[in-house]
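Here is the structure we will look at.
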Amino acid sequence: MSAANGMLLQVRGLHAAYGATRVLHGIDFGMASGSVTALLGANGAGKTTTLRALCGMVKTVGEVSFEGRRIETRATEDVVRQGIAHVPDGRGTFAHLTTEENLRLGAYTRKDKARVHEDIERMYGYFPRLRERRRQQAGTLSGGEQQMLAVSRALMLRPKLLLLDEPSFGLAPLVVQELFAILRAINRAEQVTMLVVEQNAALALEVADHAYVLETGRVVLSGTAQEIKSDDAVRRSYLGY
Amino acid sequence: MSQAVLHQIFAGLATGGIYASLALALVMIYQATHLVNFAQGEMAMFCTYIAWSLLQTGMGYWPAFLLTVGFGFVLGVVIERVVIRPVERSSVLSVVVVFIGLLAILNSVAGWIYTYTIKPFPSPFPEALANPLMSPHELGSILVTLVVLVLLYAFFRFTPLGLAMRAAAQNPESSRLVGIRVGWMLALGWGLASAIGAVAGMMIAPVVYLDPNMMGGILLYAFAAALLGGIDNPGGAVLGGFIMGVLENLLGAFVIGNDLKLALALVLIVGVLVVRPSGLFGSVQVSRV
Amino acid sequence: MNRKLLAVLILLLVACVLPFVISNYRVFQLTLVLVYAIALLGLNMLTGYNGQISLGHGAFYAIGAYCAAILMDKWGVPYWATLPVAGAVCLVVGFLFGLPALRLEGLYLALATFALGVSMPQLLKYHAIEEWTGGVQGIVILKPDPPAFLAGLGLNQDRWLYFFSLGVALLMFVLGRNLLHGRIGRAVIAIRDNPTAAQAMGVNNALYKSLTFGVSAMYTGIAGALGAIAVQFVAPDSFGIFLSLVFLIGIVVGGLASISGAIYGAFFIQFVPNIADAVSKAAPWAIFGLFLIAFVYLLPAGIAGGVQMARARFMRASSQSEAGGAKQPVTAKEGVS
């Protein structure tokens, strides 16, 4: 099911632009199945754009292969059907729909309708506060709860690849710890490959296996999380800590 | 309350149901696209003519009714995909102009095929429905309207497709991220709105007679109803429709006479837009200072 | 510039000679073209230059027409004096309608003006004012005779009315051109394109928008009065929503934000129905609808825009073939004159 070289996702020479403004200038990276990869860099480095490019939300040139198939020309709705779920920055919750309706929508493309209910219960298991608010309008949930809802909704797809854009943004530290612990657990238990975009590099490097650092639309550094964490010079100049 | 007033109220509820249906169709399209479908009336009129043709072939009323609703649905989908989609993102003026063009084409094609002589249109409701408060047709209209509204509500509230359509209307980008084909949801919305319009047309035609220009004033009342209820609130639109129907009849019978019914709609439209643009239940910011 | 002035003068010359060589009916049709051109210029000021969509300008046309008819029929006012009155009345009514319209953006203004257009015939038939408006039957007025001091010029009633309309049209167009090409015009356009910026630069948006509504209504009202005199008749059902829509078609086809567009548009709306009627009674509107949609997709700047593009291409071609001659300056002008 993976590509010939065993990579779940392989990106080569990816350029992306918003109208006339070019944001990504040819990035390469790959992700092995079951791994957690962190995408780091300062504001405006192109991290969010990379995730959007993977989902066909932005104009791109280059090669994106998922499970050995080229997907860069596909529309967002089709990319999702390949098994890629994206938790966007800003969470993208359906504010006027209930919590449970949000979850059900996450499973919209699934054919195994019978197990959707099972999965909703599983999400409530990970995030009990969502069960309490299941019939509440999603827009009335707190920031942390909406983030949990957004992640749950993405997980409802039973994705092979989960893209997370700034999951820690605006959350209290305890909530963030909780969230990342759950993500790590899901990754291990269900083999969900994850690509996490984070400005909070320290946090991301704790959960990741690999990391890439972007700067003005280019990959300037790559390696295992351990390597990058332990290299003081790199940490100071690229990651600011 | 006197018998006359009661009768006016109930008759008003009957026409109100029709305004409510059309207003709902308008709101459905507005919610999904932020566009006001100026051609909604002509689409309904055209479908009613199709029904008339079907009836001319000797077909029974209810089979013709169902076929027409189906035709209306397809018409809506086709119009959205072919005519509206290319200009969805253009300037407001371009979109309005395209709507007006659609209005003109539908009106003239109907006039060309069916001529401008008015035709009677049958009411399917038997005398058995007669009662002291309303005519059989009035009662029947209200029942049909209620059935349509209940079906729609159930569809949107309880089915996955309905949920997907609601999602697509509220948040297209997030909808794509869960795999919803937003473009087709829009087309479906148009299809449903057009089908509702067809029902409304078939309910009103027996009263005002079939004629290419029959929907102008009715559409105006539907606009007023939608604005009154809140242009982005389906429940509000329905309530607004019933209010407009009753208001029209009460004021028409006891205050201003039949002469100024359209002026009433005008005053209401301008009034709502100026005084309380979001209507009774809407939340949208309609005006810009 | 001089080339343009020359072209205009030649056209004027043709326009003056024409009524003597064609039939009276054609003269009447050309008179209506002039009338519509004035009305379209009015609508264009509001919708094309200022970006306020009106689907109800037929109402102002109707008001102007009825002003003229009532003045002439009830009080024997001479025809030429009815025009300023019609204009003044419509200026005020338009300005007043423009005040609540300030709070309405695009689609909602279209909706409100649509309501105005649809309800106008019913308002005109209202029995309480029937003794003035003539109710459903309307009012019949007499065609004016050419003035005595112009006897011997071979002017019959139709020709005189044509020249009178030509004079009025010239006046209105020159006035309009000065307004739109000067400081006022720039302010009006700025409000359309970027209201926040315009306000920030000191333009009083509210005042300008209401005034534009008023002036635009004034133009259309004067056209209505002139039209009533030409047609010799006003009746409520001639002023329904379709009149407003015909005006919209006229400016879209002729060219938004364009003065010459008003003339192209007027020719279009006067002659296309005549040609199309031969096919079927319904055909004019089918054609209108198709043209509307086609123009939005293919030629959004209307005929005037098409002419501008053709001229630009011609100029580029001819200046390229000149060996080292002075280049024509390419001006990106807002609107064609």
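A few comments on the model shown:
The letters A, B and C name the chains in turn, as written, and every chain counts its residues from 1.
Heads up, the rule we're going with is that contacts are C-beta pairs under 8 Å (C-beta built on N, C-alpha and C of every residue); 3 or more make two chains touch, one makes a residue touch a chain.
Not measured: the values here are computed from a predicted model.
Each chain gets a centre from its C-alpha atoms; the one nearest the centre of all protein C-alpha atoms is B. With centres defined by CA atoms alone, the chain at the far end from subunit B is A.
Subunit B and subunit C have centres, each the mean of its CA atoms, that are 33 Å apart. Once the centre of each chain is set as its mean CA position, subunit A and subunit B turn out to be 43 Å apart. Centre-to-centre separation of subunit A and subunit C, using mean CA positions: 58 Å.
Against subunit C, the residues of subunit B that register as touching in their complex are 34-36, 38, 83, 86-87, 90, 92-94, 96-98, 100-112, 116, 216-217, 220, 223-224, 227, 257, 259-263, 265-266, 269-270, 273-274, 277, 286-289. Listed in rising order, the residues of subunit A touching subunit B in the complex are 55, 57, 75-77, 80-81, 85-86, 88, 92-97, 101, 104-106, 108-109, 153, 157. The touching residues of subunit C, counted against subunit B in their complex, run 47, 51, 53, 55, 100, 102-108, 110-112, 114-116, 118-119, 122-123, 125-127, 241, 245, 248-249, 252, 256, 280-286, 288-293, 295-297, 300. The part of subunit B that touches subunit A in the complex is made up of residues 160, 163-164, 166-167, 170-171, 173-182.
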